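Next up: the structures, one after another.
Below are two complexes that have chain A in common, paired first with chain B and then with chain C.
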Partner chain A sequence: MIARLRWVGATVLVAVAVVIPLVGLAVDSLRGSDITAVWSRSGVSEAVWFSLGQGALSTIAAVVVGLAPAWALSRFDLPGRRVALTALTIPFVLPTVVVGAAFLAALPDRFDRSVLAIVLAHVFFNVSVVVRTVVPAWSAIDEYLLDAARTLGASPFTVARTIVWPLLRPALTGAAGLVFVMCATSYGVVRLLGGPGRSTLDVEIYRRAVDLADVSGATVLAVAQSLVIVALFAVWSRSATHRTSISTARRRRAPIAVTAAVWTLVASFATVPGALVLASFRSASGWSTAGWRAVFTGGDGLRVPVDVGDAIVNSLVFAVLAALVAVPFGVALARAAVSSSSRLADFVASLPLGSSAVVVGLGIIVTYDTGVFDVRGEWWLVPLVHAAVALPFVVRAVIPMVEAIPPGLAQAAATLGASPGRRWLDIDLPLLRPALATASAFSLTMSIGEFGATSFLTRRDTTTLPIVVDTLLGRAGSLPHMTAFAVASVLLVLTVVAVTTVDRSVRA
Partner chain B sequence: MSLTVRSLAVTLEGRRILHDVSLHVDTGRTLAACGPSGSGKTTLLRAIAGLVAVDSGTVAVDGVDVTNTPTHRRSIGLVFQDNQLFPHMNVARNIGYGLRVLGWDAARIRARVDELLERVQLSDRRDQDVATLSGGEAKRVALARALAPSPRVLLLDEPFTGLDRPLHDQLSAMVERVLRDTGTTAVLVSHDPADVEAIAQSRIDLPPATNAP
Partner chain C sequence: MSRIKPLSFTILGALALAVTTASCGDDSSSTPERLVLVAYDSFTPPEGAFDAFTAATGIEVDVAVGGDAGELVAKAALTAGNPEGDVLWGVDNTLLSRALDADVFDAYVSNAHPLDASLVAAGANSVTPVDFGDVCVNYDIAALKALGLPAPESFDDLADPAYSGLLVVASATSSSPGLAFLLATVAQFGDDWPDYWSRLVSNDVLVVDGWSDAYYTAFSRYGGDRPLVLSYASSPPAEVLFADPPLPADADAPTGVVTSTCFRQIEFAGVLRGTDHVAAARLLVDYLVSDEFQSLLPESLFVYPANTATVLPESFVRHAPTITSPLVLDSAVIAANRAAWLETWSRIALP
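Presenting the complex of A and B:
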């Protein structure tokens, strides 16, 4: 009963924060504007082709770079295997503006605002998706199965083609599809690293709505964008409905070369945040702590209408509030999706995934603009939208953990006299603890780093850290940039702390 | 404590699993429910325990109809085929669970759990993690857990499958002795004639599955 109520709550949340704004956008686009006229405006078709082309390029690069460590970490036992696995999967939860800022800091100036920078940042992000998806699938392929094929006369190539590839394909195509959607709809990275002629649709929507005050044009693009994503996700979720069992692989000791290669990759990954932190201390004239002083004192030289201290408080408060909504709702949805094999619960949870955060942000300011429903400037809108954006990730992370709880346990407790409330307290809650912790980690990090929807919703007094980073990087001069890198470093630390403490609290 | 089932019918996912099943077990006796796979033996136990809804028919304990009583108020214990031990509790806490639900104080629970551990010969496993138990040990913990709150009726779902022969015989003898010593009214589901012979005083045979709607 409690779960049922929360499931209704999650549905209301998704409806208010996602569905109604999208419908509002669609209605608005049909009413006001000429679709063909929007298409012919400068920058629009370029944005479409850039989204798809850059997305394809990034996907190929991420899969190629990600497969090597995925193979090594699946088949071999190497020193520090767990650390390497964690290091390669952490980038996925980093805020997009942190990664964007880090690549600005890491790359020589002549590569700033280039396609190369964008693709590299996307690879950094999405290798983790490939590793996360492929390692469990590859580990689940028993070495003895391959031995069986060998005893039947299969050459190494035949084994790879007839055994490994078919077993790996669902995971790999699933990962590639997800990476493509993420890259094609990339926003934060492209806002920071792109430039004229290098906008994805999401960036173009923001540019039209905010910079060019062409809201009707942005609206048409947003609707088109949503249709494309929904189509991509329909294809993706069909290819990705596989389940992989928990790894029972027999791993061989890794040759030195494999160990060295994996650790070289990990080290090169570590240089990215390293460069960010270094850059926060590097002024035009040498080393300086001016950027960090500006973070904590406001910095008179910044000339930006934001208070970094307030933004830190806002980000933390919003993250906690969003988690308080997204975690119970997400776990309730996951339980509904698992226990009643309810398609509806699954659908509700996926809806925010099938819509870009930028489109949601635009939808909210376009839709909630009349009478008592004019809530565009309300502070609580930000954590509410963060919760809706985090919800599908929470649900997806939690579903395998909920599935692992045998439904018979609660029934066994019932035969021993435990009431429904008692069963929830004694059986469900303790067994859900790891799931709740994972859900909290996802929700906290997604809220702290959320940039797409937030860039439409924040006002002067509700500004968050990602917005501050973007604002400061848009200013000329060495001090604002140092401060931006310092703020991005704070974001980086907050995210890593959120992930690792929650992770540790589960093991304790 | 007698158990009476009258004209029970159960449909699961559109398939009629049980059709017009009636049985009666006298106080302190054990009835064996036999039948081929798919004949609904497990479903019969789950219906008696209140874990599945019945289409029609009644379940009564000592003449009192419990058909609409929720599982946790029936005081009907069930030893699940796959045990369903709580993974986050050790052996003693699993066995004591039903007593904590009843609100017994710690000293009484401890005494009762020790008594049951002795009865199923697991006194040395008291604080062990249930994940580390062997198949036979886990089954004995499940039996002790179901017996602990002294249920009015005990249901046993294929309690000896998956155990090797010596263990099987040893456990079968233990169950027979425990049921007799405690005077428990029980229903045993089994497909092994030897078990039925050794433990039960009466039996019913469920007909094979039909395709009738």
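Presenting the complex of A and C:
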């Protein structure tokens, strides 16, 4: 019983921020409208098919693009290998609106609002997943095994088919499954780069609720989206068989062509944020710092309902508050999941992962709307929901470290008379420090970039940077767009700083 | 016992403290220092438009713009009872039923000033008409002349192959003038309106997201290649007033209006339900229909005043065509059919 109390806070958080809103939505959708009528409306089945279609297309593209550098980085030692590896995996932590804005900036105007732009942005995001998953698996394939096969006369194709492919398949299908889930439920990228007829379910939910004032239609779609996500995760968890492999790390020196190809890809990745920063200085009539001036003067003259400076402060404060909630709660959940191998703790930690943030945001405003429970205008709603969204990632970052703490240590200390607080300070905390840093970095970056739930929850005085980017990109004219690109650049820098500072503080 | 509980308690305590402090910051007195007027993006009254109100009441007015008219109403519906401001400006007759269904407003209709009786919303006791305008197809006089085409005169002309590829309109699903144009075709053609839209589509009509995309990007006056654009009957005076380089005040407007395509749009303001300052908010609604404020509207928002005592400026008298019999639809009919019409329209007109 007492052991349960440790993670009651996390459970309450998930219940309040995720479960109750989802139940509220489900009840609302049953009560509110004719479900079959919503399904037959135009735009709905299109959104389902577009979600799955572009998801499949993006997955194929990301796997194809990701396999080449994964092969090169697994089999060869090339100059700057670690830098290349980092550069290819950084996009994964970037906020979705930053990537969306960067592709708006990078692509010629005629590709704006096209499927091509969406797929390219998804590839940029998800090559990291493929590289991260496939490189360890491919590195672990023993070169001697391949040499032996070749000596026995196997053609390169036969080697690939009979040795490499079977050994890579689990990692590859796991990566492809995850990429598909991410792309099919994509929101920020599609909000910015899609257009009429190019909406995923999440985007269609937002469009109905906020552009068309069709809340009952949006609630029905939200329930549908939740079912789709559960199905996707079921498929993914079957495909993902996690196997940690140890790198044999016997890499040959890379031929010039391979080195050049890898660095060309890295360079092309770097052009994306580069184009974003450049676009923040490019007005309709030449170069200009007007966009950046608008950022630093708070956005006067832009006629947007926000102060950019306030939004920066809001984003930072919310990120820190969210981390202060998510990290301790996540650690408590991780310990419960490890020590009692409680399936319930694991389930609580997975709930936010298995729900769409957009659906959660909508659920909160339709559920908490009466009497003393009417909290729609409260500022703390935003960091609270961010904490819930970050929780699963915190738990997953902490669990391996918690598992690694020898149980005997705490018992020995207790025998020697150390109080629980003392044991936590002297044993657990130092051992968990790297994990806490990773968890904090995850929580900070997720909160700074969170767009799905936030797009329903912020108000004029609680606006965050991603909302500002989206609002500005929706305005006509070159000044709002330059400012949007400048704000997105700020967001990019904040994210990278959050990741690297926390990372460095661990090493220090 | 838990080793992390003290930490969680500290955080919960800090949060609780922050929440209490924040809620203590609310001003619940009945005469506030400032009111928030929520409006659509293109609400651009001149600098100092609220000075007279502040002088009379001691209350400052903050204007909070929040998207186009449709977005504004949707957000008001999602925040009904716990609003983002005190008064809302700019729900029009095409969207009014949505706001009323969501119970967005507090009961109050201003009778402080004489208002055009034809504008008052039947059956609504919570909104006051503030202005009206006509949404019509406009044409670029010089561009049509260069093509050797006469100005179109009717809906049928717009679907005539002679005008193929020349018209740009805003989407009915995401723009309020876009919706008004759809309603104009419904008012004109009755149940046959989908056929008319099919003809427009075969005549290569361009549908863009919003009015500003249509007017400032696709319209031939602003670098686009479409000399026919969905806009307002009051756009020609705006062209003269804001011409760059400036035009003499007695110059002819460079654009014209296809008067037979005009649909009447009436805009309303109301006190948002849930405001802490009901009495002050009502005073602000009264001010919005006062001659002082109404006389600023024509040359800043390019709409006609709802106050019958307000005199029209010279630019309107000279350049804005008088629309004597605009197309109209009963707001109850709009409310009952809008969703179905938009469905059908999307299928025909969106790519």
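By definition in this document, the second predicted complex is superposed on the first by the 454 of 508 C-alpha atoms of A that agree within 3 Å, B and C clash if a C-alpha of one lies under 4 Å from a C-alpha of the other, contacts with A are read in each partner's own complex, and residues count from 1 in each chain.
In the analysis below, a residue touches a chain if its C-beta (ideal position, glycine included) is under 8 Å from a C-beta of that chain, and two chains touch if they have at least 3 such contacts.
Small disclaimer: the values here were computed from a predicted structure and weren't measured.
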item	value
More chain A residues in contact [chain B versus chain C]	C
Which superposed partner A:310 touches (first chain B, second chain C, both, neither)	neither
Which superposed partner A:409 touches (first chain B, second chain C, both, neither)	first
Touching partner for A:421 - first (chain B), second (chain C), both, neither	second
Partner chain in contact with A:112 - chain B first, chain C second, else both or neither	neither
Touched partner set for A:459, first chain B, second chain C, both or neither	second
Partner chain(s) touched by A:212 [first = chain B, second = chain C, both, neither]	second
Shared chain A contacts, counted only where both chain B and chain C touch the same residue	420, 423
Chain A residues touching chain B - in the complex, by the definition given at the top	406, 408-409, 411-420, 422-423, 426-427, 430-431
Residues on chain B engaged by chain A in the complex (per definition of touch)	49-51, 70-78, 80, 82, 84, 86-88, 97-98, 101-102, 145-146, 148-149, 151
Contacting residues of chain A [partner chain C, same complex]	2, 5-6, 9, 41-43, 196-197, 209-215, 303-305, 321, 324-325, 328-329, 331-332, 335, 365-366, 369-370, 374, 376-380, 420-421, 423-424, 428, 456, 459-460, 474-477
Contacting residues of chain C [partner chain A, same complex]	1-8, 11-12, 14-15, 18-19, 22, 41, 44, 64-67, 70-71, 73-75, 77-82, 84, 95, 98, 102, 171, 173-174, 209-210, 212-213, 216-217, 339, 342-343, 346-347, 350-351
